[in-house]
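The two complexes that follow have chain A in common; it is paired with chain B in the first and with chain C in the second.
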Partner chain A sequence: MAEVHDRPPEQFTLRLRRYDPESGEAPYWDEHTIQLEPHRSVLEAILQAKDRFDGSIGVRCSCRQAICGSCGIRVNGEPALACHTHLDAAKSGAKDGVIEIEPMGNMPVLKDLIVDMDAVHWKKIRRVTPWLLAKQPVPEREYLVSKDSMVDVTQSMACIQCGACVSDCLAMEVDPGFIGPAALAKSYRFVGDPRDDQQFERLNDLAQDPQGIFDCTHCFKCVEACPKDVNPMGQIMRLRRIATGDHHIVDQNNGERHEAAVTGLVRNYGLLHEAELIPRSYGGNSWFAKFTPAAGKELLASFPVIIKGLLRGKVNPKIAVFGHKIPSSDLKSVQAIFDKIESRPERYELNLYITGEDEAPAPAAEPIAAGVTYESGGQDAPPTSPEGSVNQ
Partner chain B sequence: MKVAYWPGCVSRGFTPELHGSMAKVAPLLDIELVELDRACCTGAGVIAEHNQELADTLNARTFALAQQVEGAAMMMNICSTCQGAQSECQERLDANTEYRNHVNTTLAGEGLSYEKGLTNKNFLWLLVEEIGLESLSARVKRPLTNLRVGPFYGCYIVRPRNRLGIDAEHPRDHYLDQVIEALGGTVIEYAGMRKCCGFPIITMNKEASLKQAGRHLGDAADAEADCLVTPCPLCHLNLDLQQPLAEKVVGRELDMPVLHLPQLVGLALGLDPKELGLGRHVVRPTSVIDWSTSVVGAAA
Partner chain C sequence: MPAHDVLIIGAGLAGQRAALAAAEKGASVAIMSKVHPVRSHSVAAAGGINAAISVDDDWHSHAYDTVKGSDFLGDQDAIEIMCSEAPGEVMHLEHMGVTFHRNDKGEMDLRAFGGASMKRTAYVADITGQALLHVLYEQLMKHHETVERFEEWFTTSLLKDDAGRCCGVLARDVRSGRMEAFTAKNVILACGGAGQAYKPTTNGLIVTGDGIAMAYRAGAPLMDMEMVQYHPTCLVETGILITEGARGEGAHLLNANGERFMEKMAPNKMELASRDVVSRAEQIEINEGRGVGPNGSGIYLDVTVVPRKRTLEALREIVNLGRDFAGVDITKEPITIRPGQHYIMGGVKTDVDGRTPIEGLYAAGEVACVSVHGGNRLGANSLLDTLIFGRRAGEHAAARSASMGMPAVDTKAQLREDAGRIDGIIARPHDGRRVSEIKNELGELMNKHAAVFRDEQGLQHALGEIGRLKEEAGKAWIDDRGTVFNQDVLGAIELGYMVDCAEATVVAAIERKESRGAQFRTDYPERNDGEWLKHIDITLEDGAGGGPRVSYSPVTITQWQPEERKY
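Moving on, here comes the complex of A and B:
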């Protein structure tokens, strides 16, 4: 590291997106060349430009050490904390050698690099009731909670509310009402907390909301954007898993039915039977789903597409009706895997955020490696190991 | 090069032209495909959402079957979503010996076992990293001259970067661009090239889903692309099969042909558009076929 820090100052050119909505003028690009050591941050570069060339540049910042979450911006089109992005890295990622700096997306710009977090991010955070709704009676001294269950929620607690994931959310881009990655990750922090009394109510609310957990498109943008490895999309998937798996919440958005349809079709055929996916997602996981009003309406709406597909030979009528299967002996093996794993009393979840890539053998007392959490909807881990339960 | 070949479900179901064109293109690239016809669906992320251990075990079974293919250099897939779903499971299986052993216990009944460290590459990665862009160029019989191609990557093959091994040395999130250029075509950059096609929420929020597809297709049209090319059959479903509905949602005519990656490669390697299944698309790739037949005519 010393070697890196010894490098002399270099010139870096910044291309800043400037915009003042109150001025009535259109946004424009502004270029400034600053001089700093390559290991210094993009934030320092912006502040130098502001200090030396143009005091009117709007930028928000505070701690300068990637903790306060104030300086979220876009660097070369990608979300980043300005204080946590080195100038040399930013330059190497720039198309033409000029570091492009813009405000975050999906939120209105107040001025230059400052976006209105209140209008979007904080509003969505408030939407998920971001506080503990304690189980009663509240103990006189403290709650006794297993270590595993608290470790389980630490990942979502690592969020610094910078808004980088909100900025890049592709579902929010087309559906601004989507609750979004930051708020849903925050929601898991309480859904996964064994002291909370409202797990079902929280999940039912988020599952039934058309812009809730089932509105996420699984695009990994938030996973990539987060500077703290919160893995918001992963938290959304855990919310879905507990909602459908533990509480059997059947939502009005087809979320539970879609999951049951994909899982059920793979169990029955080994492969996805695409033609059955839409009717079952709307009408329930059965061959008869296509005769339900919800599925019928959807199939009718898709009728022109279906006919066109058939006419073009895109869809083989035989496969459309009967689906395609893997050989029956293999299908039996696949079904045996389903049966064995789905009959376990607890689901396993290996979270690499907690375990890391640990190749060291686990202590003899723990048949499954450390970091496998006992996921039963935020309940405490069972006293016996899951492996033991399975072998019974 | 011999590979354990995982075609996926959709490439044999609703986009049969993908599996078909891969079979035609493989011999021209000296790829021997040993199809993993005993393997099951990757779950496309949905089974992992339902039960992580189940998805990991089903995919470990596929990996174990691939490792049994004698003489195979690696496993290859032709579906971005399969690549992403499989990489996610493999990341967990490879990271933790105890967990892998536990999963293998379930597979033991079938006499299968997954050993850490399988190489599993999408056809796109294999093209660039194993066959090489120069070698690919050398095989081109009908360069894609004057064809303006918009790459559509799909999410699962570009994010998250660490898991997918994308770095300065392996800029896998730029390989489609490189392949288009190696085939003699012009890369058209547009806003949606690495965004989501919307397919995962087509049954949950159809309007948002089709709005995503429609916007990307519209962006590509505005950038004057002749066609798009994608390594993902699920993206193809939303971008091609659903394009007439996407047009209604975004309120504009799109008429944007979408090619599967092996189809684009096959055209440049001199294959007939029809045998590549180009006539099977919902949006007729007229611009592409006119271009390819006229070039053939000129060459003759």
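Moving on, here comes the complex of A and C:
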């Protein structure tokens, strides 16, 4: 029995970011020292400070068990649920031993740790038509759908709308209009739901929107931020794969062409051929793409950047023209990976929600080439359950 | 000034379901909550929702299990309504979008739950409450044109006209501190229980008995308040809930000797006896020195006997809770738990349409007492209760509003009074006690004397202490003098609500001189149908020397005569 409960209370110092909208003063830092066992949560620490020293500290909270989603904050600069962060972990992550607590980012602060979720988070949620558009006719009893499909959407259903991913989304920092990780994960909950009648319409909408699924920059921040392992970026990538792979949606943002260009170049060269990327992303996945008007226009617009890169030694003219060369045996290995994956009758989706190994014999999911590793939510074993597949 | 046909206070499952039902019937609807709707405590319900949807099942069986679970204190007419309407309601939720988990045939899967004679609990992993709540909120967003939402508005009191009818509420916008009067033809209270009157509790910090106390102060009777459910599996330190679904999936309870002690108390149902029975059995093991963990104050819950894959798929949330809040990998080792306050069966007395004796005032969900749970609620019946009676209250209120005009009531005086009361709290001198101190003392007091085992002496002591705490709460001081998100002042108001609820609980527990359901009196250890097969109602007597007044109402029995209760 792992006994984590027998450690005595210790002192922890909190540095709280305070803001009183009525005072006319700028935000300021406020320190309180509290006493709690090290495995207790940052929320309990904040509440102790509030109960004993200053009841005016503003923080939303309720359940204390990471299910209501109220207490999204930043601890030492990283988004977190206050109730889901242990004091010892928070202290060891602090640069000077003082646990720094701030409101979440990307949303306006209303008071102390309380942000305006409605102005940002909920507005974006409402953007994705967040309700089931059920297939007709509605059956008398339940819709008959596969067991796996409902387990599959449970990952996005498990989102508690805490805003941690929104707080840390780099794409949103640059483009506040980006629909963002939480809302797009929410849309997967419908796109992946076999009872929904509007899969194509939803995906087409999100693909054509310049601030939709192709606005994500794969930075993984939301994956790290999420306290419920919803894996928002993973859901966005699944939306893309279904949009492009199943519905062949070619979007006006060149998202689909860009992905095809990246994968096509890696297949041909073993590595990305950067100079070819712009023309192919805009003109289509071929060497002749650079002669299309769309690519020409983009190349012309990128000219100053290219020159700057050359001058600063960031672009090597030889590689820019001829591409990277890797040993032909390596190139063959890379291409073998493509062949293996593309020859599958069905796309194999990794659902990180179910992280356990199955008792049943593993279906064909053995590593396909050296160097390919599976992500499986912190477990070493590759996922072997069929929960991973998207049922189309 | 906002005016609506139906105004709903509280936006958990009961409130949101009521709002959707009332809007569907054509009423103009507003729903108000002191927190954002998805933060409501329904979100924490884990295990599932009961409905006799299996072809082998019959709602009569569900109803009988519920009656037996209630220790025959539940009103059988209401239980029949709840259980017979359950399958339709669950199908409706499925059509709305709830992602109920499926069996291999693609139908809704069902899991076993305590006190149930067969598998009849539909579920979404172990986040059923969250899934239901979020799907209902999806529907509120969809129907935003017919249901107006007032999110983060704190209700301070109910508005009544001269004839004593409820005709709206007064509320404070938490974000700005502004007071506003909301008139309505009907008000539905759907703002949950009063678990925070106990410490520890599984309930969230927002569950402070607001609706129960507001109705009580407005003259509505409370019923079955002595019946407080202790859930058998809560984390020792924080009181965080481990779902009954764990035992539903096959987990065992073990004492320090490694024995499955439920053999003694419930040889047939074992760990899946009703919650009052299991909690009592655990407390006996702990009291008799067979507990585990620090001070022997816990019991082992052994989930390792459940296949690992099944645990990860169907009990994922408690795998995380074990890891994050107790440092235990429940798939590898047992976790230490104990009984903890979880639910109050009692509440504002209503009929099967959610009507309270105050005209225009309805209640549904944990705030209400229909009474379908009687002395003890079965697991996975609370979600059902919220949805069935939330819908019925919404529909009935909508129908009532169709035949009446908007009440004309002068709100100015009451608005001034409430605003003055709040300003008074903010201005209190710092010479009494802090709100947080009183709240802690109240919670510990209730957990000591109005818990699994009770007796006259302890309860009388508690009643005396509550009297003192009530007085202190009336003078308790706060720090925050602002208007924007002044949570401090709301905490002071909530403290008053909790003290009222605690008082009603203790008065009723003293009154009931027998042991039934969740009420176990060590000085009256037997159930006594001859004298006590009746509900205890508590009404607030107004005026000087006023206080809780006790009366009785009969238990409705339709087809199941009281019998000895064995699991």
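Keep this in mind: the second predicted complex is superposed on the first by the 304 of 392 C-alpha atoms of A that agree within 3 Å, B and C clash if a C-alpha of one lies under 4 Å from a C-alpha of the other, contacts with A are read in each partner's own complex, and residues count from 1 in each chain.
Note that in this section a residue touches a chain if its C-beta (ideal position, glycine included) is under 8 Å from a C-beta of that chain, and two chains touch if they have at least 3 such contacts.
Just so we're clear, the structure is a prediction, and the values are computed from it rather than from any experiment.
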{"item": "Partner chain in contact with A:317 - chain B first, chain C second, else both or neither", "value": "neither"}
{"item": "Partner chain in contact with A:108 - chain B first, chain C second, else both or neither", "value": "neither"}
{"item": "First (chain B), second (chain C), both or neither touched by A:9", "value": "neither"}
{"item": "First (chain B), second (chain C), both or neither touched by A:176", "value": "neither"}
{"item": "Which superposed partner A:69 touches (first chain B, second chain C, both, neither)", "value": "second"}
{"item": "Chain B versus chain C as contact partner of A:145, first or second or both or neither", "value": "second"}
{"item": "Partner chain(s) touched by A:131 [first = chain B, second = chain C, both, neither]", "value": "second"}
{"item": "Touching both chain B and chain C, residues of chain A", "value": "355-359, 387"}
{"item": "Residues of chain A that touch chain C when the two form their complex", "value": "1-6, 20-22, 39, 50-52, 54-56, 58-70, 84, 86, 110-112, 114, 117-118, 125-126, 130-132, 134, 138-147, 149-151, 153-154, 157-158, 160-161, 189, 193, 195, 353-359, 385, 387"}
{"item": "Residue ranges of chain C in contact with chain A within the complex", "value": "35-36, 38-41, 43-44, 53, 91, 94-97, 99-109, 124-125, 127, 130-131, 134-135, 138-139, 141-142, 151, 175, 204-206, 236-238, 240-241, 293-294, 307-309, 311-313, 316-317, 320-321, 324-329, 331, 333-334, 336, 434-437, 478-488, 491"}
{"item": "Complex interface listing, chain A residues touching chain B", "value": "92, 170-171, 173-175, 178, 210-211, 214-221, 223-224, 237, 240-241, 244-245, 253-255, 258-259, 262-263, 266, 270-275, 277-278, 281-282, 302, 304-305, 308-309, 312-316, 319, 323-324, 326-327, 330, 333-334, 336-338, 340-342, 344, 347-350, 352, 355-359, 361-362, 367-369, 371-372, 387"}
{"item": "Interface residues, chain B side, partner chain A - complex", "value": "9-10, 12-17, 37-41, 43-54, 56-58, 61, 84, 91-92, 94-99, 102, 106-107, 109-110, 155-156, 159-161, 168, 195-196, 198, 200-201, 203-205, 208-209, 211-212, 215, 241-242, 244-245, 279-282"}
